[in-house]
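Structure first, commentary second.
Chains here go by letter, A, B, C and D, matching the order in which they are written, and residues are numbered from 1 within each.
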Amino acid sequence: MYSNSYGECFRITTFGESHGAAVGVIIDGCPSGLELNNDDIQKELDRRKPGQSKVSTLRKEDDMVEILSGVFEGKTTGTPIALIVKNMSQRSQDYNEIKDLFRPGHADFTYFKKFGIRDYRGGGRASARETIGRVAAGAVAKKILALKGIDIFGFIVQIENVKAENFDKEFIEQNPVRTADRQAYPLMEEAILKAKKELDSVGGVVELCIKNIPAGIGEPVFDRLNARLAYAIMSIPAVKGVEFGAGFKAASMRGNENNDEITPDYFLSNNSGGTLGGISSGQDIVLRFAVKPTSSILIPKKTIDINGQPKEIVTKGRHDPCVAPRGVVVAEAMAALTIVDMMMIHTGRNII
Amino acid sequence: MYSNSYGECFRITTFGESHGAAVGVIIDGCPSGLELNNDDIQKELDRRKPGQSKVSTLRKEDDMVEILSGVFEGKTTGTPIALIVKNMSQRSQDYNEIKDLFRPGHADFTYFKKFGIRDYRGGGRASARETIGRVAAGAVAKKILALKGIDIFGFIVQIENVKAENFDKEFIEQNPVRTADRQAYPLMEEAILKAKKELDSVGGVVELCIKNIPAGIGEPVFDRLNARLAYAIMSIPAVKGVEFGAGFKAASMRGNENNDEITPDYFLSNNSGGTLGGISSGQDIVLRFAVKPTSSILIPKKTIDINGQPKEIVTKGRHDPCVAPRGVVVAEAMAALTIVDMMMIHTGRNII
Amino acid sequence: MYSNSYGECFRITTFGESHGAAVGVIIDGCPSGLELNNDDIQKELDRRKPGQSKVSTLRKEDDMVEILSGVFEGKTTGTPIALIVKNMSQRSQDYNEIKDLFRPGHADFTYFKKFGIRDYRGGGRASARETIGRVAAGAVAKKILALKGIDIFGFIVQIENVKAENFDKEFIEQNPVRTADRQAYPLMEEAILKAKKELDSVGGVVELCIKNIPAGIGEPVFDRLNARLAYAIMSIPAVKGVEFGAGFKAASMRGNENNDEITPDYFLSNNSGGTLGGISSGQDIVLRFAVKPTSSILIPKKTIDINGQPKEIVTKGRHDPCVAPRGVVVAEAMAALTIVDMMMIHTGRNII
Amino acid sequence: MYSNSYGECFRITTFGESHGAAVGVIIDGCPSGLELNNDDIQKELDRRKPGQSKVSTLRKEDDMVEILSGVFEGKTTGTPIALIVKNMSQRSQDYNEIKDLFRPGHADFTYFKKFGIRDYRGGGRASARETIGRVAAGAVAKKILALKGIDIFGFIVQIENVKAENFDKEFIEQNPVRTADRQAYPLMEEAILKAKKELDSVGGVVELCIKNIPAGIGEPVFDRLNARLAYAIMSIPAVKGVEFGAGFKAASMRGNENNDEITPDYFLSNNSGGTLGGISSGQDIVLRFAVKPTSSILIPKKTIDINGQPKEIVTKGRHDPCVAPRGVVVAEAMAALTIVDMMMIHTGRNII
């Protein structure tokens, strides 16, 4: 159920296909009285949009947001906020020759198995354009969190085999890779461009940090804050794994090393990644997720068509050689939506 | 919301604290006409229960299940199935001296911050005894899946720094570590016992495999099969990360290597881990998750009491030096519950 | 939660205010492969739209639907269907003089108490224009039900003190009152026009009938079919009561009279209104609901302004003197959405 | 979905059959720190329990509640509260001769159609004993509401053709009919006993009043307070209709009469029944619901067996000749659960 909705209290529903009339989102549950205008949302969409640099796709979209409802005289009214972005730069003809082929690594095969039909143009609903709705809604969530002093930001810590070792928050938005490591940046960019030149693509790892979250957020048992964040992050296209704090390294640790000792003022370490028993401890929430290399590449691969016949395919179209940098923006949105939602379980509409 | 429930169609709600009267689960949504008796459930509880070997806790519980409702003359009726297990072997006195202390790595601190009160006896609701309800419900889900030929099994692939390299499915239930590697088993057991002897604990990695799942299961966008599984697995105590298929390794791969090519009969590789676009492809679902070392250790650690005063703590009680082997059983249950739930979105009550 | 969504399997989310940019609906859960075009939806919107006769409001809206997503080459794809209707005929100036007044019988007072803000133009979100989204989504649900031979239709059985005594299904759509009683029709119309002439309004009673529904639809205990229908109907603006089968008359009956006897071929009566224990019996579902007289009248009434000061108000604007005839269309939509939703609990996506 | 659960924030799940081991309820979402003991719950169960007077069933059950979880040292902990009542006075043999027959007016026929199986003993899950869980959970909700000064009470306003015309709140709990009319009471009792003597049963009407509810409770559009209450009340066995304020009488009123005028201090009337646009106005919530005559009667009726063969049936067992007086207690519980749930949407866990 609810496959296109996320959140219980601050609930979003996204809609739209890559080459349809529009993509968008409905936000249900936003408190009334929040100042909100197009720019608040547009600035996050601009961070996400394609065509920004040589490391991303050439598809240029203005991706201008329109607010259809829920805002009156510059303030939210407590009613559903409908946001749409019209699709402008569609080159559906790019897809004609592969309309009957399943692109390896893509959702073509599984959508067809599930629904018996697919909109083959640009991935249809499975396109990354679906994330526009998430980012637009996330911008509203971020605005609420900013009022509470909560800061969410992501950055690249690995591209192919280049790993970041330094951290400079300022640098993140100054480079198209969105790494916080000034030294690693040129190597990361080079790895992406080399793959692109070789008609190939690369993967990466993103780290996400949530600062100033109060203790007590997250629900016991199932709706743990880390479980909900894992769900939210894993729902982003191309994500293959997620870990918190020490993460997979915890498996090779002893309890004596891994346990975060507590003092009157702070914890002495953050191997937990900010949650204990699924509930925030007041420490930074720290998570990392792996992004697979873009499935659309210009190297021929084996596949089949909708009749099960063997074929060879080259995935044309305009694609990022590495989607991790744009994944940063989507992950921030999903995290912001998660945090607002789980805080509202405690506070209801009185969150602001 | 719903913090103690999981699933939309096949919905479970667990209840009970470690040292309360009973723990249990309500299953709402089980189809009618399924043959079900106590043994079906007891055999899974027996796999999970403590006190089975020298690598697990000394707390011995019979953990006998009672069916309170939903079954009539050996068959499910379509009404809620209530299962309870009475708590018998409670040594609450073990906890008296730490009733005002927060155990590092445990949920004591965050539950207290959240609720302003806690049942300090044995972790209360945050105890691993809560997972009894999950395993009991999972046994019912497994029974449904068995009717459809779907097999779910987990096994240990890493304990501390010992990694499995061989696979022998038969061996899994023949050793208390639940590894599938006959060669690695003695080394893994040794790592656990060494830590125990040193009053410490160790972590591990579990791999979970789901065979014969049909293509088309999982919902687009948010309720992806991998996102739901990540949520389900991350909701298990002590889990710090989860990955699918190539997982974090995908971050350092090229698209040309990572893309699973398709032939008329099968995929040529399974880097995806069995889903594309969040929907099952018909390949095996393969995931791994990291389990942190048990937080309860006998080595003194810094902490604070409920008044914020600095203290030192040694966590007595009866605890597994490594919880990963028992985590295998809980993870199988959560996976079974997830698969049945998501299949029922397609089929409704006609699943059997 | 979910205040703007309805349904679990076939889930709609409506959005939009009376004088905003657009109103609309997202349908999540519609099965793939359903033939669907604008006309299917437009014909139901045309039945609902204002300005059709002298018994309804003078506000004329074309209310043209646009399909933004979820349909490809004339068929649904299983992804969210976004439908919008732009607001065209807005005369917001009608509302300037009452922007600080609470209209008696309207939601102005309670929205202001709840949200601390209101969009006063035409009732904002509380406007009957919100029901456009319901009717548009209901048209899709009706299309699914038609494939299964299920017929839903409503008609007026009372206007003020004029009660229907005859039934001619054909006549319903031939008269603007939407009564099935040719004899009562002129009296009903006269009652409406008399009230209008006297600057007043009248109420009415609608009967709704659902034919050919299979036995077994509806969930035990809470999600009874009659409970869900009661919820759906009571969520329509201006509805003050709902009853099934013998309804309130059952209170003065004996069991011997009220019990519907069963024979091999049929029930001997339908006092139950088509459900037993909340589950459909295969008989016609029959319900009636009371619609209060339109709150907007031209007779001066006592009220207060947003500062609590006493005022007198006359509600100008363009309003139906009786909303029951248009309520028929909205109720059919809500019933269709309910039936499809509850059937899908049984069948999942295999409903068509 | 969720057929055995009710509520979003304060969520209950009931389980158990009439002649199974136990009936009960899980409450998920109760705030922590609420003082709660067995007596709080038992006193409401005692009001509901059968065998209290000559106007109710002879089945005597002690219906003693046990708290299995969620309460520690006399206070709720914020974890699920599990309450069970063991079934003691089962005379399943009463049902042997009708095990293959469908009792007219009962859910036997529809459960069998739906599930292909039924627990025929005492109605199984469709028995009124299911409401024990509702009343137990409602007692907790009432305790929360009492802290906020909100009072919920119901009373009989009609039995068969005897209608109440006077109101004396004190009298309600002093008479087994639970009417507030001292004059009508003997006539109502006589009507019930006369029907009983004639092996028959009678229906009635209950009025429910909620005092001191703040303005602003209830959600726009679908989750209106009146819609949720209608759903909650219609989910009670034997209820055939529900109305608010002027109710069905509103259909024959003019707007000029029906509109509740507003003054600085209060509304001049309460035709609305306490909600405007589905949101509480601060006035009393007033609703009435119709209860059909008990379906179990000793007069022979036509029916069929599970093979479709015509039969005659007399429904033995121990049954109330009129269930409306006990319906009062169940309706209060459902209303209390609804109000707490909808208040928590605003306040989250900070309700107390």
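Convention: a contact is a pair of C-beta atoms (placed from the backbone, for glycine too) under 8 Å apart; a residue touches a chain by one contact, two chains touch by 3 or more.
Remember, it's a predicted structure, so these values are computed and weren't measured experimentally.
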{"item": "Longest centre-to-centre distance from chain D, chain (CA-based)", "value": "A"}
{"item": "Interface with more contacting C-beta pairs, comparing A-B to B-D", "value": "A-B"}
{"item": "CA centroid of chain B to CA centroid of chain D, Å", "value": "39"}
{"item": "Averaged-CA centre spacing for the pair chain B and chain A, given as whole angstrom", "value": "27"}
{"item": "Multi-chain contact sites of chain B, meaning residues that touch two or more partners", "value": "1-5, 8-9, 14, 78-79, 114, 125, 220, 345"}
{"item": "In the complex with chain D, residue positions of chain C that touch it", "value": "1-6, 8-9, 14, 102, 104-111, 113-114, 125-126, 130, 158, 160-161, 195, 200-205, 215-224, 226-228, 230-235, 237, 240-264, 268, 271-273, 275-282, 290-297, 299, 301-304, 308-310, 324, 345"}
{"item": "Residues on chain C engaged by chain A in the complex (per definition of touch)", "value": "1-5, 8-9, 11, 13-17, 20-24, 26, 28-29, 32-33, 66-70, 72, 75, 77-82, 84, 114-119, 124-125"}
{"item": "Touching residues on chain D, where the partner in the complex is chain A", "value": "1, 8-9, 78-79, 220, 344-350"}
